[in-house]
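Per-chain numbering from 1; labels A, B, C and D assigned in written order.
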Amino acid sequence: MAKKAKIEARVLSQSILAEGIYDMWLETELAMDAHPGQFVGVYPANKATLLPRPISICEVDKEKSALRLVYRVVGSGTAEFALYQPGDIIMILGILGNGFPLEAAEGKRAVVMGGGIGVPPLLQTAKELSQKGTEVTAVMGYRNEETFLSDDFKKYAKMVIATEDGSVGTKGNVIDAMNENSVECDVILACGPMPMLRAIKQYAQDKGIKAYISLEERMACGVGACLGCVCKTKEADHHSHVHNARICTDGPVFDAEDVEI
Amino acid sequence: MAKKAKIEARVLSQSILAEGIYDMWLETELAMDAHPGQFVGVYPANKATLLPRPISICEVDKEKSALRLVYRVVGSGTAEFALYQPGDIIMILGILGNGFPLEAAEGKRAVVMGGGIGVPPLLQTAKELSQKGTEVTAVMGYRNEETFLSDDFKKYAKMVIATEDGSVGTKGNVIDAMNENSVECDVILACGPMPMLRAIKQYAQDKGIKAYISLEERMACGVGACLGCVCKTKEADHHSHVHNARICTDGPVFDAEDVEI
Amino acid sequence: MNTQVEIAGVEFKNPVMVGSGTFGSGVEYSEFVDLNKLGAVVTKGVANVPWPGNPVPRVTEVYGGMLNAIGLQNPGIDVFVERDLSFLKDYDTRVIVNVCGKSVEDYLEVVERLGDEKRVDMLEINVSCPNVKEGAIAFGQNKDALFDITSRIKKVAKQPVIMKLSPNVTSISEMAKAAEAAGADAISLINTITGMKIDIHRRKFALANKTGGMSGPAIKPVAVRMVYEASHAVNIPVIGMGGIASGDDAIEFIMAGATAVAVGAMNFHDPYTTMRVVEGIESYMRRYNVEDINDLRGCVE
Amino acid sequence: MNTQVEIAGVEFKNPVMVGSGTFGSGVEYSEFVDLNKLGAVVTKGVANVPWPGNPVPRVTEVYGGMLNAIGLQNPGIDVFVERDLSFLKDYDTRVIVNVCGKSVEDYLEVVERLGDEKRVDMLEINVSCPNVKEGAIAFGQNKDALFDITSRIKKVAKQPVIMKLSPNVTSISEMAKAAEAAGADAISLINTITGMKIDIHRRKFALANKTGGMSGPAIKPVAVRMVYEASHAVNIPVIGMGGIASGDDAIEFIMAGATAVAVGAMNFHDPYTTMRVVEGIESYMRRYNVEDINDLRGCVE
C-alpha cells in the first residue's frame, strides 16, 4: 500500500443528496490507492477544530484521480464541509484503514449492507465486486423516502431497500428486508449504526455465513498512534496484546466474529 | 454619538499601497457616524483569534456608506485581512474612540503629522479640516520612497515628507522635516510610533503650541470595559481615578499635555 | 418555561451573569445589550482604596482566548458606590459586587462599607486573582487561608457571600469544601488560569507582569471539570464560568452542576454574547421540552 | 549553527522530541517523517504488564485541542522490548522510554527491566497521567510522594531519569524542586490538564472516563508559564511541552527555560509537525543569527 500523506485536495463538485446529506467529489492523488471501505481524514479550516474528520470513501474515479465523499452534517466540521465550492482547496489525510476484503466475497453470493450514513462506503464496494464479475445484492436501510445513492447502487447491484417509515421498500431494518425479499447469501459486507451491525453479526452467526463490518469510533490521529479508537476483540490482537484493535488501522472493517460489539 | 455596534461590513475593494501596506474599503453603516481619528475593531474569521483588531479610519465616504482602512500586515489577523476580496463579509466593531478635536484646529495653522502606519488616520483629518476651510500642512514620515497615501494628502494639504533613508523629502523624522521646511503652526494633530509622539510632545511644549496625539496600546474589549489599554495621565481622570485613561474610549487621541508618555 | 434560579435566597430572573472585570459595571456594554435581561451584573473588583493596577501591556491574545494582567485597577469603594452603584439603580437586574484586597482587613473594610447599600444583592470575594503580588490569590491557593478569610468576611457581611475560587490548585474540591465549611453562601469558579506568553521576536514577555490570567473558550474544559468536581463536593450553589460563548456552553456548565453561569472574555469577542447565551438557553429548553432550568442542574450521567 | 543539546550527559541532535503517547513508538509516523531527524523518540507509556486502558470514547475534541482518556493502554514491557525497541534499533535518534505504573513496585520493575537495554537512552517517569484511577497522578500531585518515588527509581535506574510532572498542582516549582532533590536528572512538563466535556444533547460525558487530559494549542500559555516557573526553580534540565505546533512555539518554550521540547497532540493535526518544528527552529536561528540553540535558553526578559 502506498504511503499515507496529509495533502491538498481540490473540490470538484458538491451537491445535496438528501436532507443534511452532502455529496462531494475531491481531486486528489490519494484516489489512486483507494480501496473500498477505506477512509480519509478531512481537516476543517476552522482553527478551533484541529482533528481530522474520518469520512469513508464512497466512490473512486481513478481516471480523474478523484474521490467521492458522502457525509451527513452533524457538527461544526461537516457543517463547514457543506459550504465548500468547486475549486476550494482543502487538506485531507489518507488513505486510512484496511477496507473491505473483496477477495472474501468474490465469486460468492455477496450482499453489501448499509444503514443511514453507513450506506456510502458500500457503493465503491459494490462497484468493484461487480466489476470483478461478482453478483451483488445491495440491501440499504434509510429513514424515509430519501433513499440517497440508491440509483448509483442499481448500476452495480440488485437493490433492496428498507425504510424506517415504510415509505419505500420494506418497513423495518435491513434484516427485515433480507427476510422479506428472501435474499440468500454467503458473505455480507456492512456499515451502519451499531444496533444494525449487532443484528448482522447475529444473523451471520445464525446462518453460518461470513460478515465483515465497518466500525466507527472517535478518532484523534487516524493512523494508529494514539490508541483512541479501539474496539474489543475476541483474541488479543497482534498490536495491543490486550484485546483492543485500533479501528483506524486494524479496521475499520473487521470480521464480525473477531470483534465484541 | 451613535450607539456602538458589532455588525457586518462588506469589502468593496482591496489594494496594496506599499510593501505590506494594504488599503481596504468597507461598506458599513458605521461610516455614517465616523469621525477622523476614531477606529474600528476588525474581527478575523480565524476562530483561534477572538479579539478585534483596532484599525484607524483612514477615510470616510458617507455617500457610499464606506470606510477606508489602511493597515500593515504584522501578524495573523492582518495577514488574514490582506486576503479579503471584494464582496467578502466581515465583522467589525465600532465606531470606537474619541477622534481628533477638529474644532481645536479649525481656522488655525494646522499640521497633521503621521509616521509609518500612523499616517492613515490623518487623511480624513486633513480632508475634513480642509473642507472646513482650514489650511492644513501634512508632515508625513516614511521609511523609504514608498510614501503611501501622499497623493491623497496633496488633495487636502500642503505636503511635507520625511524619509528615514532620505529617498524622498527630508532625511530624518517629521520634526526634522518641520524644521527644514520652516513649517510654522498653532496646532498639531499626530499619530505614529511612540518616539515620534514623544518628540512632538516636546516640540509642542517648546514652541508653546497645542498637540493632540493618537496613542496605541494592546486592547481586548475596545469599548472601555476591560481596562486593558490604559495610559498614564497627569491628572487623575474622571473614570479611573488613578491616572489611567483608557485609550480605547477616553482616547485614542489625547492632548499631549495630559498624558505621560 | 422557568429560567429563574435562586442562590442563597436571592432570585435571579435567569442564570446568566457576567464575569467580574469583563463588563465594567455595565455602563459600557449597556450600549450593546439590555442590562435588564441579565440575571445579574457582577462588577469589576473593588478595593477599599483606588488601585492603579499593573503597567501595560496588560492584555494579550492567545489561542482561543487571552491573558490579562490588569492587576485589579479600580477607583476605590467611594467612587464605586457613588458612580457605579448609582448607575445600576435604574436597572432591574441583580447586582453582585466583586471585592478584592491585599489583606483580610482590606476585604473587611469593603464588605462592611457595602453592608447598607441596598442596591447590592450579593458579594463575590475574589481570592483568586493571579495578577497582584500581595494577598488575593494567596487566599485562594491555601485552604486554611481560604477558610479564615471566608469566616471573617461572613461575620461582617450583610449580603450573602460568594467565594470566587482559583483554578490554580491541586484540588478544587478541597477549596470548595473549605469555603463551604467557613460559611460561604455560594462559590464561583473558575477565575483565570495563570499563563504566560513570550514575544520571541523581541525576547520579551508579552505582558509587563510576565504572567497573566488565561480566559476564553480555550479554558472551558478545565472550567467544566472544576465546576463538576466542586459542585459534587459541596451543597452550596456554584456559579460556573470559563470560556462561555453560547447557550450550549451555559447548559454544559449547568449540567456539570452550576446553578448560574457567567460570561467573561467572550464579551470582548462579541458584545452581544450575554444576550445570545440567554436566548440560547431558552432555545435549548424549548427544543428538549425542559420546563424548569433547575431540572438540568447536574443532570449529566 | 548548533542545534545540539545535552541532558544528563545524553546528547540530542536537536531539541525536538515527541510527547509520550502521541507518537506510538514511531512506527506509525515513520510513514510521514524521517525519525532520524528527531532529537528523540519518546515512547508511549509502558507498564510491567499489559494494560487494557479505558473504555471508549477515549478521545474528544475541544476548542484548540483535545481531551484524552486512553488510560495508558500498553502491551506490557515484554512485547515493548521485543517489538518497539527492535523497531527503533534501525534509527539514528535517541530513545526515551516513558514508564507508567500503579504502584512504586510496578515502576521499579519496568525500570530495572530496561536497565540493560542499550537502545534506551533515558527513562521518562509518568507520574502525571490523569486518566488512571490508581497510582500515576497521585505521585505527581503530592511532593512527598514524588520525592519518594523519584529516589526509589533513581536507586535502580541505569539510564538517566526524567520525571514528567503534572500541571494539575498548586505549585509547579515545589514539585520540580522535589524531583530535583530526589535526584531526578531532568524534568519534563506539562502532562495534560484535567478537563471535561459534556454532550448536552445526550446529557452524557463525552468520554467514558468522564474526565480526560487536555492537550493542544489551547494549553500552551499554561505550559509556557509552568516551564518558566519550573526551570527557574531547579538546576536540572527541563523538557517543555504543551501545544507546540511550530518552530516559533518551540522557541517560546526554550526562551522560557526549556532545554528540549516535545510535540504532542499536534502530530494528530499534522503528522509532519515535528519536521516543521525542527525546520522552524533552524529558520528562526538563521533569521536572528543565533549560532547556538543553547544561547536562547531562558533568554526572555
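Methods note: a residue touches a chain if its C-beta (ideal position, glycine included) is under 8 Å from a C-beta of that chain, and two chains touch if they have at least 3 such contacts.
These numbers come from a predicted model, not from an experiment.
Asks: Looking at C-alpha means, what's the farthest chain from chain D?
Replies: The chain lying farthest from chain D is B.
Asks: Where are there more C-beta contacts: B-C or A-B?
Replies: B-C
Asks: Can you check how far apart chain C and chain D are, centre to centre, with Cα atoms defining each centre and the answer in Å?
Replies: So the centre of chain C lies 34 Å away from the centre of chain D.
Asks: Using mean C-alpha positions as chain centres, tell me how far chain B is from chain C in Å, no decimals.
Replies: About 36 Å separates the centre of chain B from that of chain C.
Asks: How many angstrom between the C-alpha centroids of chain C and chain A?
Replies: Between these chains, centre-to-centre, one finds 47 Å.
Asks: Centre to centre, by mean C-alpha position, how many angstrom separate chain A and chain B?
Replies: The answer is 57 Å.
Asks: Which chain D residues reach two or more other chains?
Replies: As it turns out, chain D has residues touching two or more other chains at 63-65, 217.
Asks: Among the residues of chain A, which ones contact at least 2 other chains?
Replies: Those would be 47-48.
Asks: Which bits of chain A are touching chain B when the two form their complex?
Replies: 46-48
Asks: Inside the complex, what are the residues of chain C that reach chain B?
Replies: Touching chain B: residues 21-24, 27-29, 31-32, 44, 50-53, 56-61, 63-66, 68, 70, 73-76, 79, 216-217, 265-272 of chain C.
Asks: Note which residues of chain C are touching chain D in the complex, please.
Replies: 62-65, 67, 141, 168-171, 193-198, 200, 203-205, 210-211, 214, 217-222, 224-225, 228, 243, 248, 251-252, 255-256, 284, 299-301
Asks: Can you name the residues of chain A that touch chain D in the complex?
Replies: 3-6, 43, 47-52, 93, 217-231, 239-244, 249
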